[in-house]
């Protein structure tokens, strides 16, 4: 019998993407869709690509609308999930695609988000060591940030195998959909087409503590992260270029072996054959991550690169994958490793 | 029991797209994949988005490789399909995504393609009046050109309802994938990004006679077509802006009624609500067509606009849709009306 | 001695472009720069490409700030130019890059813009027959709309030579900068990249009456215009595909001759050699227009295509060109026919 | 009296860009233009943006064609410059935009380029300490690679001030024009639009030894460089994200001071005000470099980011700037710091 799912924040990019995936999920029936300023409008005008839901009308984002579903996806602005979640029963699977329940450290939360820490939920990056256990049967899931998904997948094998020094340097390029649908001048097509630009440089990006949290947990020691995000002229995709010095004595073969081991049984992560490099186009619209790793002998560094779709594997696909695990479904149900290319 | 399908020309854009769709088709098992210069190479390096087929190796495009399949998709350069098809048995469903069997008029063929006319096969645009009947049980199918698909869907309702004069004026913008994967200087990213340019102006584009053929058949009289294709800075999508003078006395309500009638029961074509306009992003990667029509009272013209994905509904999706009809499957099997957006 | 120029609305796209051109104009000294909500801010943060002006601070858009200059460029929202202009002396050259003084017909103005008609100023498209005479010595200039510039250049030769029937059909693709810098959801990079979409279909676009006005004046009879604008995934550029039936008996040679005659002495318009087609990339950032024309014998239509940069020749470049004429400078001063490509 | 300049390789991107700049240079007269496979063709079809040169016909790339000019720009494939240069007199200023004379270390050259080392010429990055002296009066100039230009500008101030550890980590995103105009499948618009991808990862990119050479010379010690280039979906621009650990005790104020000192008098490099970040759009088509630097206290790293136009400051603009110095002209003649944006 199909699981009934509601989506709060159905008019935004994360909400639209989770609906796109749920429409193809054989075990889910789509229930209430809610919005804030768009409540009362038909989805057809807001998400014109979701043809089968064109006639659906958004309801207001209120607990009574969301109650009575088996699963509730929250695609709300940061800081709004806790108030909704606490009104939903413990038996409802609540999956937060916002940041509210990702960080374990209250001080980190307060420093980077400027509000009171709401708590920590099981973390929806199944590929991390130990994550699947915490997700199985869970009724609350915090979906990772898009950058932390890309970066953690690229670097955790190096730290799991203890082949990298604890100082990671990361530059990531993201498509503009990661910045959301709220109109802002610097996100206009006129501004972003033909341009690359950085932002949040120098340790200020909110996803930095989440990366540190993930990598430190795998490494068993504090990993410092120097993270520079850049905005790329494309709608979707993250390409994360991650590196760290290799531990003394590490060889190219050690590096390759660590990554082969980490992803040997992963359904959504593909370590590419040597010589082939990831491209965000290859994972467009899919839940796949493509990974490649190199050892730079001259600089004695490990360079690991991942490509994901920020809205799919980086947000809504990761949410559905985690939902599958929580509900005891096959983890890959309704999800694809096939990108839309070219 | 699954139908076994082979794809000849699996390394190009049309071949890759038909494979993307067949991977999601529950009634199809993917058999032999062939290439010409790429024979012997693994698909993973040629179509890196098709993760499940990464290990498959291309065989040479020869009849003996393709024989023994239930369906053979041909994604070959123009003029090469006939030689392959005639070596495949009458019981094999051969679906040609090239131009070879589209035009009924041998003189048209010879003028626009410069080679001997190969013949005419049932035409794979199911939405055209009478098309489904010809496709049912067919064992040879000619998939329409991408522009003729977009244009015919936009204009045939006007001619079916006899509300338009027989002179159509069409400008269409296409993504670059319509020009194929063979490297050419004018198709380089450096050249196409940030640029719009026309080509084949003045009646010279090969898809013009195909449009005339389709629209004339519906109208029951010769339709002239002035067609200007333009290259747009995007990988996928066709936006066709089509217009014709309205017959005397035609009203806006007549126009709307003609289009509502034409698409009332079509699973893949959506006439948008009044006031909403098609966008190629909305049908990205899907088999959907979005249509809107307006009546310009001042110019006394009907303006019909369609948006499709040139590789999906315009090529490989239309091919699979026609295959479904030919084989007696549900027409929508393995096909989606959900675009990947934003 | 240098002319002192002020720019009202210096933080928008039209204002920024006129400043970019004036910085390279040997006869102009840049005076006051004004803004509305951005008054008090340094230009360096608002127009980061205008390095030499980075330290300039925007003043409020008030007549007393603008007074005392030889030339005032107005880059204001529609409807705001008249109030400013009437406070500036008759000796000041006021160049309005908005729509307020373009339309001669008050009823057209009221229908398309919804406010009271402000009047008509000399029209800044020097290439139109008779335009230079009206601009010489003028102290008020209405800069044409970007689409009317592209369309009028493409079609006036056909009407001047009386080789075209009076019903023009036009589809134009524009870069997103034509829609301005005010943040709107449908103009976000996430929405426009990879997508083509129409708007203002069916006669509703505000530039339609301006096209009719221009072409009718040249033709000496009322020209009807069916105009469909589309939004293309690029920041700059307009490609206008314009067609009309040829008058009976018109030949391809007649068509070519009409266009060669029209542009023989034009410094900024280049009729391309036969067989070469315009591309917006070729005129990127320049004041050039590229034109090509074809005669489609089968459809008996003339197809004329123009490519311009909407912000340069389509707005600020046309403004500077007209300023040069008004002030008695060489028409090409400070303007270039060299695009930035690739 | 004007200097006469010839351009060898005028049909490619570097050749076209140097012509675009020379057309605006008041002290240069454009002489012979040569090509290889395009010899005999008019430039109008090859570089349609260079309107004033449309009628010029390419001559073959031979010394007798190039002789008799004051300046010869070489835009040839790597390895072909030496043979041409040695046939030109010592009095001719030869400016090589290829790689042939950049590297001082013959072993580096042979390892990265696979051919015999041709020698070393004065290096055309005037902003590097000591560079202007070597360029003054020079008759042979090696123009830097585009990535080394962006990276050296971003990092040399840190090494000049001895505030950074000798291990640099660099990720740079480049527009596709950096890969040239020769058609290759992975550079097709269909492949690059909407996609980010790395290449030459792990120390293999040919520009790596050039970066090491530049930074080591400034530092007075061997700098290791981990360099990852990525291909971005845009035609022009490089955004280089460069970082190194800060020396112990270095403060944010030290970092800022080092960069302010380095660029205080540079006409083409702008250290942005704190809080503003470079964007490649801001330097589009200009010879400007925008730089910003941050100190990440948590990771104890200096992050320096530069944005340039790869074809202008990164190639042809740097060439013209160096020519001006060599010839004793004002260094900024014919060059602009004004980008074409949006």
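Every chain is named by a letter (A, B, C and D) in the order it is written, and numbering of its residues begins at 1.
Just so it is clear, a contact is a pair of C-beta atoms (placed from the backbone, for glycine too) under 8 Å apart; a residue touches a chain by one contact, two chains touch by 3 or more.
Chain by chain, the UniProt names read as follows: A, B, C, D = N-acetyl-gamma-glutamyl-phosphate reductase.
Please read these numbers as outputs of a predicted model, since none were measured by experiment.
K.L.:
Would you identify the chain whose Cα-based centre sits farthest away from the centre of subunit B?
P.N.:
Between subunit B and every other chain, the largest centroid distance is to D.
K.L.:
With respect to inter-chain C-beta contacts, which pair, B-C or B-D, contains the greater number?
P.N.:
Between the chain pairs B-C and B-D, B-C carries more contacts.
K.L.:
How far is the middle of subunit B from the middle of subunit D, if each middle is the mean of its Cα atoms, in Å?
P.N.:
44
K.L.:
I'd like the Å distance between the centres of subunit B and subunit C, where a centre is the mean of that chain's Cα atoms.
P.N.:
37
K.L.:
Touching at least two other chains at once: which residues of subunit B meet that condition?
P.N.:
Expected reply: 13, 175, 177, 181, 188, 190-191, 193-194, 233-236, 279, 281-282, 284, 342.
K.L.:
Please categorise the chain-chain contact pattern as a line, ring, star, complete graph or other.
P.N.:
complete
K.L.:
Flag every residue of subunit D that touches subunit B in the complex, lowest number first.
P.N.:
13, 175-177, 179, 181-185, 187-194, 233-235
K.L.:
Which subunit A residues qualify as touching subunit B in the complex?
P.N.:
13, 16, 20, 23-24, 44-45, 47-52, 54, 177, 181, 193-194, 235-236, 270, 272-273, 276, 279, 281-286, 288, 290, 336-342
K.L.:
Applying the document's contact rule, which stretches of subunit A touch subunit D when the two form their complex?
P.N.:
These residues of subunit A touch subunit D: 167, 169, 171, 173, 175, 188, 190-191, 193-199, 201-203, 208, 224-226, 228, 230, 232-237, 239, 241, 243, 245, 277-282, 284, 292, 294-301, 303, 305, 307, 342.
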